[in-house]
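Each structure below is given as structure tokens.
Shared between the two complexes below is subunit A, which pairs with subunit B and subunit C, respectively.
And now, the complex of A and B:
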């Protein structure tokens, strides 16, 4: 789980081109949208594609994204659940 | 007829041009077949949050446009008109590559959004909150001049007062590879100070962004007056001198009366003959200058020429590095820019001191 969270942070920084952000700047439970990293709706689309491409997980209901992408913690939990299912 | 003034300039190029206080005091020379711009500190102009999705062309343009707007002392403008030969082709290439690499799956929106040609004018408009006329011309080597012409007509027709006009193109790998294959880029590196003596085919390809605030109102920052523009998609050498003389005549000048001719020579032995025809012909007694040894060649390189002409008019000096012949001009009043690329898309732009 810890490795997965680190991997997610690295992918988020790379995919979303967060030039001035390092993995240490992203806390596991920091909000990704709004006050946290300040991601927006285009980033949400990028994250949905990343889940599909890198982890083989398709979001059946886009509304789920609000909870799944709340933080790196929630993303890692969701991916782990889906892989184990 | 209503006068159109060049009230400010902004430039990101292969020279140190992004600071308007300087005027080619230090010439950067290259020995290569391609040249990239000297990048300003983008963070001083663009927030990291905004910059992270910007292609290089947008970043260069944003800096150039902001510089021009600040110098003109305007917070907003009536219209934004941009010329570009290839738009944000870097993101276009990445988007198409992703389609191929991912077997037409997993396409993300960011590259697609930025891959259209009009992204630059749109991003500038979003940045300054301009809801006015927003247009992009994609006309190869006359893209920038097409934008100038649009702005000139709008100001003369009193449809707008202040217009941000610019030209931008970025240098990217695939584009360079394809143009190298078809011999449009030189095969061997060329010392930029010896560009016109390279005696070889093709050009030294480059990139850049040049923006200007054109206005119907003269002010203290004004560089000069944009008098006239004409463009030709095709123009044979047999009628070139006649067309140039006609253009000058329509604006009350003879070739002998012109103070300075600035040519777009790019060192291609197959096509620099157009400039030599004028330089040794109707302009043989006219001071001449050139600039592509400083800027490199790209579809909107003539924006650098326009920047150079504006700076010469304001400073009343012709930098030694751009002089093409030995004739001197002490107080330049009228400047003609002539450019073409590979014998096509010719442009004539006349500027005057005011």
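And now, the complex of A and C:
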């Protein structure tokens, strides 16, 4: 799980072009949207594509994303659950 | 009598060099566009994190427009840009992401830039402009329609100033030439002068 969280942080930084952000800047439970990393709606769509492309998980209902993408912690938990299902 | 307008300021980004009113403000040995414009962003102290999420055309437009607009208090500034390649550079990136059926992963962050006028939106957001704007695609730089459009906007009082010019980028070739038309300025607003500045800046 720790490895997955680190991997997610690296992917978020790279795929969302967060130029001045390092892995150490993202806490496991820091909010990704709003006051946290300040991601926007296009970033949310990119995260949905990333789940599909890199983890083979298709989000049937994009509204689910609100909870799944709350933080790196919630993303990792969701991916782990889906992989184990 | 018809009011005469003026060119208040102008800038150019081409061949690894950025100039403002004819004076070089940034130069680099970097021949590739993305590292060049990133270096310019940092050197010119642009401070706009969204820059890194933009496509190449919007990055070019943002740096060029920032040179002219960053110290401007007037916000009723219309935007009239033009280019040759439209958004082809980004269109190709998008096409590459969808051409294989078993690897079909279009990137939303790329797709949103598959129109050339998106760069006008980026300029408007950065400088909080709620003004009229237009983007035209020509085979090559043409001063005539830009002059007519800018004069019309000012004459009809649709804007206090107009940011006009050429914003072309395709396959590592980039050429940005922007100028601000206003009531007062350093040159008379004419097709001849604009062509001259485009040829010599």
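Worth pointing out:
One rule holds for everything that comes next: the second predicted complex is superposed on the first by the 85 of 85 C-alpha atoms of A that agree within 3 Å, B and C clash if a C-alpha of one lies under 4 Å from a C-alpha of the other, contacts with A are read in each partner's own complex, and residues count from 1 in each chain.
Methods note: a contact is a pair of C-beta atoms (placed from the backbone, for glycine too) under 8 Å apart; a residue touches a chain by one contact, two chains touch by 3 or more.
Here the structure is a predicted model, which is why all the values come from computation and not from measurement.
When both complexes are superposed on subunit A, subunit B and subunit C clash. Touch criterion met: A:42 reaches subunit B and subunit C at once. Shared-chain residue A:1: touches no atom of subunit B or subunit C. When the two complexes are overlaid on their common chain A, residue A:53 makes contact with subunit B and with subunit C alike. Within the superposed arrangement, the part of subunit B that overlaps subunit C, taken from 99-107, 243-251, 261-269 or 279-287, is 99-107. Shared contact residues of subunit A with subunit B and subunit C: 16-20, 38, 42, 45-46, 49, 52-53.
Looking at the complex, you find that subunit B touches subunit A at residues 48-49, 51-53, 102, 105-110, 113.
On the subunit C side of its complex with subunit A, the touching residues are 49, 52-53, 105-109, 112. The residues of subunit A lying in touch with subunit C in their complex are 16-20, 38, 42-43, 45-46, 49, 52-53. Residues of subunit A that touch subunit B in their complex: 15-20, 38, 42, 45-46, 49, 52-53.
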